[in-house]
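Got some structures for you, see below.
Shared between the two complexes below is chain A, which pairs with chain B and chain C, respectively.
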Partner chain A sequence: MRESTVMFLHYITAILIAVTGLIHLLANNEPTIGPLIKENPVIYLGNMAIFLAALLYHAFNGVRVILIELVPDPCWTKWISWAVVIIGIVTYVVGLQVLLVALGLV
Partner chain B sequence: MSTEVKEYALPPEVLEETVKASEELWKPIKKVKFRIYKYNPKRDYAPHWEEYELEVSKGMTILDALLEIKGEKDHTLGMRYSCRMGLCGSCAMMINGKQMLACQTRVIEAAGDGDVIELRPLENFPVTRDLATDFSAFFEKHKTVKPWIIRDEEELDNPTGPYKQTIEEYARYYQFTDCIKCGACLSACPTAATDYEYLGPQALAQAYRYLVDSRDDGLDERIAVVDVAHGCWRCHFAGSCSDVCPRGVDPAQGIQLLKGLIIRRKFGFRPHKPTEALPAKIAKKKEQ
Partner chain C sequence: MEEAREEFVEYYAKNMGGVLGWFKARVYTIERWLYGAHRITGILIVLFMLPHFYSTGWHPGLWGDFILGIIVTFHIANGIRLILAELGFAVGKPLLVKKPSQRPVSLEGSQRYLVALALLLFIVLAVIWAYYALIVQAAT
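== the complex of A and B ==
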C-alpha cells in the first residue's frame, strides 16, 4: 500500500474515532437517545466495532511511524510494518470477542 | 574613430564620507572569543573544542573571522566556503546553536552583548573535518526527486519554440527556486535527526517545485519517489526547516502542499495539463 493511502486512512480514522466515540458517550450517558442506541444491538455493536477498528488502526499506525523513524533501516521498516499489522489484527479480534461477551451476545 | 575616455570621479565630499564609512566598518571594536569544534575523524578519538581570540570589526562576518583564524592562528582548521556572498550554500554551520551561513552573519550580531561565539558543524550531517560536513547523502536525496523538467517528448531535443508560462504558473513554484542547497533545513529537521532515510525538507520542497511547474510532465514518476515510507509523510510540520532557511524559502509549506497534491492525485487531480505549456504546434499535434 502507498504511504499516502496509509496516512489518508490515518486521518480518516481520527475523524471516525471522534464520531463513533461521541455516539458511544451518548449511548451511555444521554437519557433520551442513549437507550435508543443501546437497545439496538446492530447500531451499538456496529458503532463499537468501527470505533475499535479506527482506534487500533490509528494507534498502531502511530506506533509504526514512531518506530520507523527511530529504526530507519529499510529492511526494518518492512518488518515493523508487518509486525504492527499482525498485532493490530490479533488485538482487534480479541477486542471484538471481549465486546461480544460484555454485551452478552456469546 | 576616436574614442574619448571620460574619467569619473566621486565628488570629494562623497569620497571622504565613503572612506570614513569604510574605516568605521573595518575598525576593530572589540575582542571576541571563538569556541570552535575540532574533529578529524581519521585521526582524533573524540571531538574537542579550541578557543581563538580575535579583534573584530562591525563589518566582519563569521567567515572573515574563520579565514583570519585559519590564516594566522590555526592552518589546520577545516571548513567549507566558496562564493562569500550567500549564493553557493557552502558555508552553513551552527553559529551559537543555530543553522546560519557564515558569510552572511556578522560577528557583532552573532555575539550580541556577549563576547563568545560557538561554532559547530551542521547537525544531522557527518563531519568530514572540524566545521566541514559531508553533503553526499544530501545531494543524493536531492537527485532522487528528479530535480529537472521531465518530458517524454521529442521537442526537448528539437524545440520548436519557447514553453509558455503565465505569471500565475510561475508564482506557484517561484519561492522554491531560491534554494541554494545549503543544508540548513535538513540540519534543523527533528525527523532527520533520527531518520537518516528521510528525504528531508530540501529534496521534498524541490519535488513540489517541479511537480507544479506547468512545463513538467513527471507527476506520477516523481510522486512514486516521495510517496514512500521515508518520504513526505514523515514530516510532522514542526517548521524548524523554514525557520532557519537563510534564503526565506518555506520548505515546510512546500511539503504540506506536496501532501495535498498527492492526496488529490488519488482522486484524479492533475496540477496542470502538460500540453498547456508546449509550443503551440506540438500541443495541437498531441491533443489530436
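== the complex of A and C ==
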C-alpha cells in the first residue's frame, strides 16, 4: 500500500475511534445511556468490533511510523511493517474472541 | 542543485536526532511543541491499552482516569487539528524561507486560529472527561 494511503486510513481510523470510543465510554460509564447500549448485543458488539479494528490499526500504525522514523533503513522498514501487520491481525482475532466469551456468545 | 538536494535528503534520512530529537525544538513554534506532545500522548495511550486489553476490567484508578483523560483529550483535539492541516485546510501558500529566523507562511494566518481552536477544544473535552472521571464515577 502507498504510504499516503496508509496515512489517509490513519486519519479515517482516528475519526472512527472518536465516535466508537465515545459510545464505548458511554456504555461503561454513563448511568442512564450506558445500560441502553449494553442491553442490545448488536449495537454493543458491532461498536466494539469497529472500535477495536480502528484502534489497533491506528495504534500499531502509529508505533510503526515512530519506529521506521527512528530506524530509516529500507530493509528494517519492510520487516517492521510486516511484523506490525501480523501482530495487529493476531491481536484483533484474540480481542474479538475475548469479547464474544465475555458476552457469553461463544 | 539536484545533487545538493539528494545529499540533503540523505543526511536527514539518517535521523540522527533519535528520541531526543523529538524535543529539540530548534525553532520554538508552538506547533513544534504540540508535535512532541502528540507523539508522547500517542505512545502513552498505547501503553494504557495493553493492560486494559489483558484484563478488561482494569482501570488506572480515580486520578489515573483523570490523567488518562488529559492525555486522550489532548491527542484527540490536536489530532483533529493535524488531520485538517494535513488534508490542506487553513494552510497558507508556500513561500521560499530565506532566513532561519523566518517563520514559514504555512504556520501563519488561519493556521494560528486552528491551533487556538484545538487548544480550546482540548480544555473543553478535558473538563467534560474530568467531570465524569472525578464526580460521576465517584458518586456511583
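Criterion: the second predicted complex is superposed on the first by the 104 of 106 C-alpha atoms of A that agree within 3 Å, B and C clash if a C-alpha of one lies under 4 Å from a C-alpha of the other, contacts with A are read in each partner's own complex, and residues count from 1 in each chain.
Methods note: a contact is a pair of C-beta atoms (placed from the backbone, for glycine too) under 8 Å apart; a residue touches a chain by one contact, two chains touch by 3 or more.
These figures come from a predicted structure and were not determined experimentally.
Within the superposed three-chain model, A:R2 lies in touch with chain B and out of touch with chain C [touch as defined at top].
Once chain A of one complex is fitted onto chain A of the other, the partner contacts of A:G104 are absent, as it touches neither chain B nor chain C.
When both complexes are overlaid on chain A, the residue A:G95 reaches chain C alone and has no touch with chain B. Once the two complexes are laid over each other on the shared chain, residue contacts for A:T77 go to chain B alone; chain C is not touched. Of the two partner chains placed around the shared chain by superposition, chain C is the only one that A:P31 touches, whereas chain B remains out of contact.
Comparing chain B with chain C, more residues of chain A are touched by C. In the superposition on chain A, A:V63 makes contact with chain C only, not with chain B. Taken together, the two structures place residues 7, 69-70, 72 of chain A in contact with chain B in one case and with chain C in the other.
Note for the complex: chain A touches chain B at residues 2-8, 65, 68-70, 72-74, 77, 81.
Of all the residues in chain B, the ones that touch chain A in their complex are 191, 194-198, 227-231, 233-234, 259, 262-263, 266.
Those residues of chain C that touch chain A in the complex are listed here as 13-15, 18-19, 39, 42-43, 45-46, 49, 53, 56, 76, 79, 83, 86-87, 132, 136-137, 140.
Considering their complex, residues 7, 11, 14-15, 18, 25, 29-31, 55, 59, 62-63, 66, 69-70, 72, 91, 95, 98, 102 of chain A touch chain C.
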